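Heads up: the structure comes next, in structure tokens.
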């Protein structure tokens, strides 16, 4: 499994080919786990794992490397402040989103989950059970190539009823798919999850499910990632160990 | 266990014998697990398994091979868009549903689970607890020989109450049975399921239950399929390992 | 454990002795597990097991062999259509209920669980919490010697409240007992059950509990039957392995 | 552990000493598990175990042997018909309650759990949360020395709310204690219970808790009895194996 | 671990030193498990364990030995009658509370949990969510040095809502603390508890948590006690085996 | 892992450098588990563990050592009385908060969880779902460098609905972050937790999660601490054993 070079300086990056159907994920050797070497545009990928497994890091690494190559990327936060996220990414991994934001290739956006939930509930009430949401409603400043929503769990707990949340998830996924973007949506689970989301609905609406495990072996934590489901093509069916270094995700090489 | 030839070009396929009571499933060697070598027309078969076990692939392989031999087949989606499904089936397995749709032998139909749930709830309200549904209500353009409903789980979560959902499932099963079609209905479960559906009602209303397991052994996933229940006849009582290749399902041969 | 001859042609069967207090079950060697070699008339026996364990087959074998010997038997279905059941029994085991129905010795009746539940709820409402049901209310065309109700699970899910269901079960059991019939009532459980019914009430209202297990050993299913409780007399306290052949249930012989 | 002679013919029994504070249980060697060799009058003993563990048999053996020695005993059934119970006890163990009933030493009474629950709920409603019940309210024809209530589980499910049931249990226990009777109250649990009653309240209101286990070892059931709690004195703290023969309970002897 | 002499005759006991901040527990060698050799006045100690673990015995031993040394002690029962408790303590352990009650050093008080719950609920209703309770409200005839409340579980089930119960527990703990008494409050749990109270709130409001385990080893029960939490000082962090003899609790000696 | 000197007398402490972005935790060798050797100002750290694991001690040690070096610290109690906490800290660890309070460097504040919950609920009601809270609302006498909230669990149970509690937690975390303080918020869990808070929301709103385990090995308790999640930087991924001595937390040294 050859290592894909990560996080090159901006000048070294080439724009991606427009209208390609597939986008490499560009997170360490992740793409080599996929037969296509990339994920499909329009796909919504559920990223599930416990606290501290690196879900945000995985996404940020993908967004950063995408933007470096000329894509437009959006990180939609329902939890941490954009200034904090950028500070941490720069400090921990030297991923500097400032120049990318200035050149319009990246946007890091914060939405208040409670406000979103209240608005959605009012819309559903007003329209008698029907919900339509547009790009503006989710705070996107432009049509992105690559998106991360962090996290659906924060959104789920803000809703008053499971039913309205499910309707919101369905419409959000449809919207993301309609923009032809590659989307990662994050779900926080137990450390060794057997269900991959709060309601169980996200995992079968999603076009793919990636699970991050955090197992305790001899009082040490070991991380592993598994591609559980992928509609667009074949993938390795195994748990791949990883660590997080100052270059982000590092997978242990495995013969494919 | 002899391999049944799969996915022959359309021209090579012969029409099935009309009025036969049984239809071969035509998914790799699956039929050899059945004493009858086929499943009964009018039977509703519950297909249960976790995310990524290949439930959709199993059904599509059966529908495609049926249509190739002259049957009329319908895939009723409550999740993925028909265009996406067709694209993925063609890309991953070379199963091209376009010519089959043009010649009227296949239909891939999408219904909105939320809308269906709301309509059913209104019907039940209006008719004081009684529900009657017809072929048109479930979006069937013709009376099919073979059907896949993907998935009941998506329908279940769209209903506001378990009771109305159960009534819907009961009536849906009766309708499918009345059309003399062989029906697969999909239920998404945990990776190693002990219950086979959301409400537990599907599994004893169904005429058969097929379970797909996704077990983690030495950090590798292994898939196995089991026929748990079948009213129409005897079957192998064991978990049969399988992989999914670019030809679809492949069972490991076992002496019967 | 001597094998009791099964399923003799009708002409070979002798009428049972009238007014006997006990009826042999006549399912392979099952009766040899009982000190009395038979079950008591008036007893309601709960038959619990997972999907595909053969609960319906067990009952049908008992009913068929009883009817062959001159008894009157009723199979009350809340799930499968009578025509289907008869077709499957004839195909799989050569048990032909048609001549038995014609001579008035067998009846296979279907009731709609939802309708029954609604009627019972209305009766309870009308009579302020009191419920009386008669033989006609449960669709019995005659007073039977042997009965199977398949399944209580289907009835349980049709009720809107647990309380009304429990009252119904209590009254149903009383009615069956009052007719001096030997009754099997089926409950669908998990494959290796620890509770034997949906509400837990059936198992202590019943005069006996028979449990059917479906355990996975080395990826093969193994079936075992256990008599867990029996008010009328002593019985073997062990799990007895069985298979289902084209002659129905076959127990592995064990010294008593 | 010496065997206490069981079930002598009536003529051979001597009247118990009046006003004794303790009553031997008289179930095989059970009394030898107790430092006092007997249980205290006024004590309410919870008898918990799964279906088929012999809870009713244990009680009946105690009642029968008590009545034989001149006590007055009552069996209060919320489940089985008195005629059936008597028939089974006579058939299975030769315990004939008829002569005991005729001489006024035994009464086997049936109450309808649903009716009792409705009456109690009305009383509580009428008296604004206060409940008083007397000997007549629970159908006792006389003040007994020994009582069995079979089962609290049947009563529990008949109540509409846990709160009213708890109040009823509390008052029932107080009433039984006030009559200076030795009372066994039965609770049906799982086969290897970890909680001993439906609501968890019975086990700490009771003066003693006896648990009956039904464990599966090598596909054979093994029964064991444990005295878990006893306010009146010390007792063996171990699981004592037992079988049920045609003489009732038989404990395997253990050095005390 | 030296044995502290237990249960001396009244005449041999010396009055405790007034105004001391700490009180020895005086239950066999328990105090040697504590760095301070005693528990703090004003502390509320939760005593959690399954049925039959000896929670009441532990408290009674502490109260009795305290009273013998001149303290004033109160046992507040929500379950057993005072006359019964005294009878059992005298019979089983020769702890005679009668002379202590006559000399005003001990009081054994019974409160009806249901009545207390109703009163508290009315007070909260009347005062719009605010609750104040005084010494009289909990039936204390005098200000005690040492108290046992047996049991909180009985109180918890008498309340109609968890919220009002929690408020009551909070106020009860504050009241007990304000009297500078050493208080044991009993909670009935499973035999090998992982949570230590019904609502989970008692264990972090308490100043200490003592857990009593009842584990089954080779079909024999083994008892062990653990001090899980203690705000006032250090303690042994291990499970200490114990038995209950006719002298009450006996810990197996362990080097500290 | 070098030991950081703990709990020097006040005179020996030097004021911390103002405006530093990171603050050492100063709890035994804890800081050596962090790549930065400190935690970030503005971070909210969830401290989760069972009763008796030392959560309060950990925080108090950090606050005390911070105040000794010139920081201003606040301990916000929702459980124990300030006078008790101070007494116990002085007695058990010789941490004397009195002089620190007098010089304005420490404040130990008690709030009534029930009152806070009622106020928050009223505010939310009044402002139609919107909640704003300020420094005064949480009883802070000054803007602190270091804070401990003990415990969120006590607050959680005081709320009538999960939704309002979640909103409160979110706003509390935002407020703490806005003050540029290093905040520890305590959550009481099971002894070997798999979820780290009552609602599951705290753990993904927090900037870090520290878990304290209390495992039973050979009947002895062993404590271990794990940093599960930390947004600001890398940390050791293992369970580090610790004991609590009269100097507070002591970690067993491990090569980093």
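Each chain gets a letter, A, B, C, D, E and F, in the order it is written, and its residues are counted from 1.
We take it that a contact is a pair of C-beta atoms (placed from the backbone, for glycine too) under 8 Å apart; a residue touches a chain by one contact, two chains touch by 3 or more.
Keep in mind it's a predicted model, so treat the numbers as computed, not measured.
**Student:** Which chains make contact with chain D and with chain F at once?
**Tutor:** For chain D paired with chain F, the chains in contact with each are E, in label order.
**Student:** At the interface of chain D with chain E, does the proportion of residue numbers present on both copies reach over half, so same, or stay under half, so different?
**Tutor:** different
**Student:** Nearest whole angstrom, what separates the Cα centre of chain A from the Cα centre of chain F?
**Tutor:** Roughly 31 Å separates the two chain centres.
**Student:** Counting only Cα atoms for the centres, state how far chain A is from chain E in Å.
**Tutor:** 54
**Student:** Can you tell me which residues of chain D touch two or more of the remaining chains?
**Tutor:** If we look for residues of chain D contacting two or more partner chains, we find none.
**Student:** Can the chain contact pattern be summarised as a line, a ring, a star, a complete graph, or none of these (other)?
**Tutor:** Chain contacts: single closed ring, each chain with exactly two partners.
**Student:** Please output the residues of chain B touching chain A within their complex, sorted ascending.
**Tutor:** Result: residues 50-52, 56, 79-81, 84, 88, 91-92, 114, 118, 151, 153-154, 157-158, 160, 188, 190-191, 214, 216, 219-221, 223, 244, 246 of chain B touch chain A.
**Student:** Under the touch definition given earlier, write down the residues of chain B that touch chain C in their complex.
**Tutor:** Residue positions touching the partner: 42, 129, 163, 166-167, 170, 177, 194-196, 199-201, 203-205, 207, 209, 224, 226-234, 237-239.
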